[in-house]
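Next come two complexes, and both contain chain A; in the first it sits with chain B, in the second with chain C.
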Partner chain A sequence: MVGSIFLAIDGVDVGYAMQEILDQAFGSSFAVKNSLIEAVPITMVAFGVTVAFRAGIFNLGGEGQIYAGALASVLVILGLSGVPGPILIVLGLIAGMIGGGIWGGIAGALRSRLGLSEIITTIMLNFIAFWIVSYLVRGPIQDPDGAGYPYTKEIPAKADLPVIGGSIPLGAILLVVAAIVVWVLLERTRAGISIKSLGSGEATGRFAGLRVERTGFAVLLIAGVFGGLAGAASLMGNEGRLSDFFSPGWGFIGVMTALIGRGTAIGTLVAGLLIGFLSNGITGAQSAAGIPTSTAQILIGVFVLFLIIVNTDVVATALRRAASSLKGVRG
Partner chain B sequence: MSALVQMRGIVKRFGDFTASREVDFDVAPGEVHALLGENGAGKTTLMNILYGLVQADEGTIEVDGREVDLKGPADAIEAGVGMVHQHPLLVDRLSVAENLFLGGVGNGTARGMQSAIAGITERFPLDVDPGALVEDLPMSQRQRIEIVRCLARGVRVLVLDEPTAVLTVDEVGDLFGEMRLLVEAGHSVIFISHKLSETARIADRVSVLRAGEMVGTWEVAKTTPAALAEAMVGEKVVAAERESECKAGAARLKLSDCTVRRDDGDGLDSVDLEVREGEIVGIAGVEGNGQRALAAVTQGMAIPDRGTVKLDDRELPPVREWKRRKIKLGRIPEDRRHEGLTLDATLWENMLTGPQAPTGGPVFSRRRMVEWAGKQLEEFGVSPPDPLALAGQLSGGNQQKVIFARELHSEPGTVVAVNPTRGLDLRAQREIHQRFLGLRDQGVAVLMISTDLDEVMALSDRIGVLYSGRLDGPHPADQIDRREVGLLMAGLTRQQEFENGNGTGGLL
Partner chain C sequence: MSDFLDILGSTALYATAVRLALPILFCALGEVYAERAGLVNVGLEGMMLCGAFAGVIGSHYSGSPWIGALVGMIAAIGVAAIQAGVSINLSGDQIVVGIALNLAVLGITSFLARAIWEGGDVPKVDGFSDFAMPLLSDIPVLGPILFKQGALIYVALVVAVASWWILTRTSWGLRLRSCGEDPRAADSLGISVFAYRWKSMIICGALAGLGGVFLSLGQLFTFSDNMSGGRGYIALAVVIIARWSPLRALWAALIFGICEALALRVQVTDINVPAELMLALPYVVTLIVYAGVIGKSRPPKALGREYSRG
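And now, the complex of A and B:
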């Protein structure tokens, strides 16, 4: 593959590196756990992109929704640290969904009320969320014992998402639940049919009596909920604290994941898991196989690109929809 | 006779389906040759072969007596054959000149193109503004741009693919004028259509395709519309007739002093109208005289600026409130492809859009919905009645039947339809007309807004005419004839009312 060229250039033993990547991705229950943890935020945020995508709406705000969700979650967990663990976990997740939902909902309101393109507003909201978090973790909610690092205090261990059977983190279960929810929404409800008809043009929806603006708002709100949940699940399942280097671009990887997943719940789940496993495998193999960090990143990029090329017609559809949504939305 | 284009023994198969069976077709220099046939008869396939978009499996094509091998549109244009699509393939955001430039007109410089355009418009008074943005232009202008593009590239045979389906009556007249100019200058035009009246008006010769076979070619002057119609459908055409007597009952849909303000005459001006159960009220008129506004206020898509629209004595709310308020009104939209259906969704999903969908709770059982949709589709004669098929894959007639199934399964007491058979072949038209007559006999109140005068005359128990937003009538069908309706459509209201002693106008 193309990836092996890069490896060879770096003087790495290609066969060994490949072996090591697979090993680090699937080789042990520990590896599987890490891979799943990697997959959780990517896939979760991708569900939000998928739902919006089917309505012809481009949610590029996953990043902001992740930060908003993680922020809400960390504030609730640190504020209510006296509450018993299971309840705290539920509250933390709900807080994340609310935080992300608000962030998505703002973009939704701007779209439905003012006709602003969500492509622009969601990106702008990413910056706002990031800088709010950045300010907070360097000031008001900075860990006083953190030697000046820009992060919050660690959440109590009882708020950590449990890992089931040594290899299945609760976040992965949440992914399956989320996939089912998205699937039912899109394939088994009238709302889903409305959302999909909106994605193929507003005229049908309007004629059918759909409240087009309200549906657009709801869709971005739902997308935000998934983004927020991604943030909360990552905070509670892995990171332990909120920092301003919390997300390495999951929001955007999520957009690609949703595209590769062809806009379906199952496809998104599969695509997210694939990317999670591969990305964890490559990262894990870096030290063992002596792959430079930059080459590892290139490998991940090449792999994602490959998945996208496999799905070319999806990309074409996406571009067409993007073009028509740019045209359709005033502003 | 030396033909300009001669296609011989053309065979084209798509999988198991044979779209063209040994078709012979020729075009003489300087003629308008109509290619007539129902939807799916193979007209477009044959022309796509001539334009190089599709390659024939068997057969030969000669242009000017020389055999040509058309591997793509570029070869066809080189040979002198050009095609104008019904929905012209232009870039909306670019100007006319830029589009022509993309189409290979001129030598690549701005000046070269200007002189190329000027060269065309000198010979043919085709009214195009090179600076205008395509998205601002009506469909007729866009087609004209494609014609200019073809001419500028030296095309001598122009294929027009159902150009009139997207044009207004006036625009059709203009187009026909231009077609005449072209043939007088020695070009030939192949005019694809399924409309007999237009064919009779413009064509010199006509060839009829049916199910992929060439039925025959006639000189238009030596044949009759009835003979052509028979050739098209392969059986005697009986126009849908109102056989039973109209038993109109109580008023169901009632417009009082209904006004929709618009500057371009396409609004409504104090319209009063009643549609009673058991009758069909047909609204004739040239497009752009208020049909759209009338459809919008009677289909729950808009609220009139003044006056009221009442359904069964209650004011008609916007359609988004219909489900909650249990309003049952069947609506056949003007644009079935955009308003009516989601083309990339399945039929069962399409059956579940709209206020009358019987989903029960918020989450439904797909199996039950598919089953239900299949039953409805079968009942309404959709072919194939496969609920899992995509709406975009059906022919226009079947798409329309899907909409009928969706809108009528709940047996609404009132139906409002806009141009219900536009663009459909004769068989589908007849089926839909019979459906309307059946509704009427069941006691349904039917309002049919249509720019197809034949349709209005054939079906309506009472006939109203819209002109510049004003409604004349409706008049009982036996008190007004085709000629009078035609006069009203042309805006000769006052004189008409004077002649009729004001007796039949206005409310009942």
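And now, the complex of A and C:
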């Protein structure tokens, strides 16, 4: 609805545009593959945000963790080009997890050691990671045959994540695995209990004998691992090389995704897939139907605002107030 | 190395630093009001970006940067009103609302820029040009640094001093601060917590919008996608470093202005430091300074907590 208003403002034939978006998102196995590829980094980084959310911690550092993960991954893959394909893929993914984990861990250490708010540190770390990568891809690891473009050499084809059956990229399967891991972590382990009790309040957690600092650190580390994996999976599943325009803001879209998923593993998975299909549909349709790319961002932002409004029992509170004011009692 | 010292000793560096510090300062001053009333406003970044964009629109169609500034402020107040409505009245999580607003504003401004101008190529518009204040600009060192800038620098200085006076020396300020320290006690004394928090957020929106206006109309005279580039978030850190004081915010914002200015200056000399790493400097320094002051600063007690009666 909101989307069609924006489209109408821009003078786009709304009906045709909707048709085109659906077509580009689902229309063929090629379209489905592209949508899933789009969903991979968004959903993967959103899992990290989800775990942090449950601990009451805001991981706004997805962007930096993606860059750190992709950097570690591309360094390992280009450095070990003699290794056979499957092993190289595994090593690339692990490197990404370590890179992202380090970046998330820094924010975790700053939080638990020094008490710095992760809201500020993760954002600052995003910019630091971006500029470090920007420096590296214009200097030490720039592709010598790249005509001066700010990117690295392309990774060898054997390190590309395979696509199964023409439409299911391996990254999408990793998403399902990650969703299971997050669910088990949160619902079936002692660590999950620690995370959730931190989320219900630091004082409560401390009282219950929880090592609050250690849990806070671990949570941001785990979030970073997912962010790094998002970077590596995108590098190996789609981009092929690291550049300083690698991520178009996946870290923040991941935060929105986790919000829409309401902090659960399955919710995040579903939300991430939906956003992947939506933004691939819009990107694909933009040339055909004249829809601007930023429509996806607007839609997601507005949708989340809407969800917050609905989620916070606003309607319920308003009704209760109205009811009690009728009775002359202050709610 | 001596080149580097030359730069550090040049008045041009500090003049640029002041210019670059101003957008952050405006945002930080606004945020001081909001946080003193108990609201964490992460939407600062979006308000700034919105102000920068609407300022360009206003100046483009009216031909006057002052009208542009007004339009920018009003637009940013609009964003602030959403932030206030959802977080104060509807008890939505303040931080989550802010992030959603930032993303939405980023999308909407990029969208509108393309809708209005083919390919999002925003033309140059009339901005605030520099002028030398008579007499004052002849003062050695301080003159070129402070008194050869655009008009908004004087607005910033006045706002900073006035904010300090309002927040610490008036009963209105005392009441506003009480809403950030102990809203329940304030409420029991007949102070409307909702009203004070709303007012603080509107002021915050207006100042953040002005910060954005300075970015677009005071420096580049045009708009580009995401031109706020995280300065709203830096302003959040500035507020903590300034320990919620408008006067200390002057110095705290200047630290970041100097870092940014240094990054720009070093690029145009033959000093062998990669430009990209210099551009990371403001963010690294933010972390370091933030870590340095953390034990000493005490935030308003009810900061970030929603308030509901009953």
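Observations, loosely collected:
Quick note on the criterion: the second predicted complex is superposed on the first by the 290 of 331 C-alpha atoms of A that agree within 3 Å, B and C clash if a C-alpha of one lies under 4 Å from a C-alpha of the other, contacts with A are read in each partner's own complex, and residues count from 1 in each chain.
By definition in this document, contacts are C-beta pairs under 8 Å (C-beta built on N, C-alpha and C of every residue); 3 or more make two chains touch, one makes a residue touch a chain.
This structure is a prediction, so every number in the text was calculated from the model and none was measured.
By the touch criterion stated above, A:L60 is placed in contact with chain C alone, chain B being left untouched. Using the contact criterion defined above for the overlaid structures, shared-chain residue A:A191 touches chain B, although it does not reach chain C. When the two complexes are overlaid on their common chain A, residue A:Q142 makes contact with neither chain B nor chain C. Between chain B and chain C, more residues of chain A are touched by C.
Using the contact criterion defined above for the overlaid structures, shared-chain residue A:S167 touches neither chain B nor chain C, since it reaches no partner.
On chain A, the patch touched by chain B and the patch touched by chain C do not overlap at any residue. Across the complex, chain C meets chain A through its residues 42, 82, 86, 90-93, 95-97, 99-108, 110-111, 114-115, 230, 233-234, 236-237, 240, 274, 276-277, 279-280, 283-284, 286-287, 290-291, 294-295, 308-310. Of all residues in chain A, only 184, 187-191, 193-194, 196-197, 200-201, 203-211 touch chain B in the complex they form.
Residue ranges on chain B touching chain A, taken from their complex, read 299-301, 318-323, 331, 333, 335, 338-345, 349, 352-355, 357, 359, 362-366. Residue ranges on chain A touching chain C, taken from their complex, read 6, 9-10, 58, 60, 110, 114-117, 119-121, 123-128, 130-132, 134-135, 138-139, 249, 252-253, 255-256, 259, 292, 294-302, 304-305, 308-309, 311-314, 317, 330-331.
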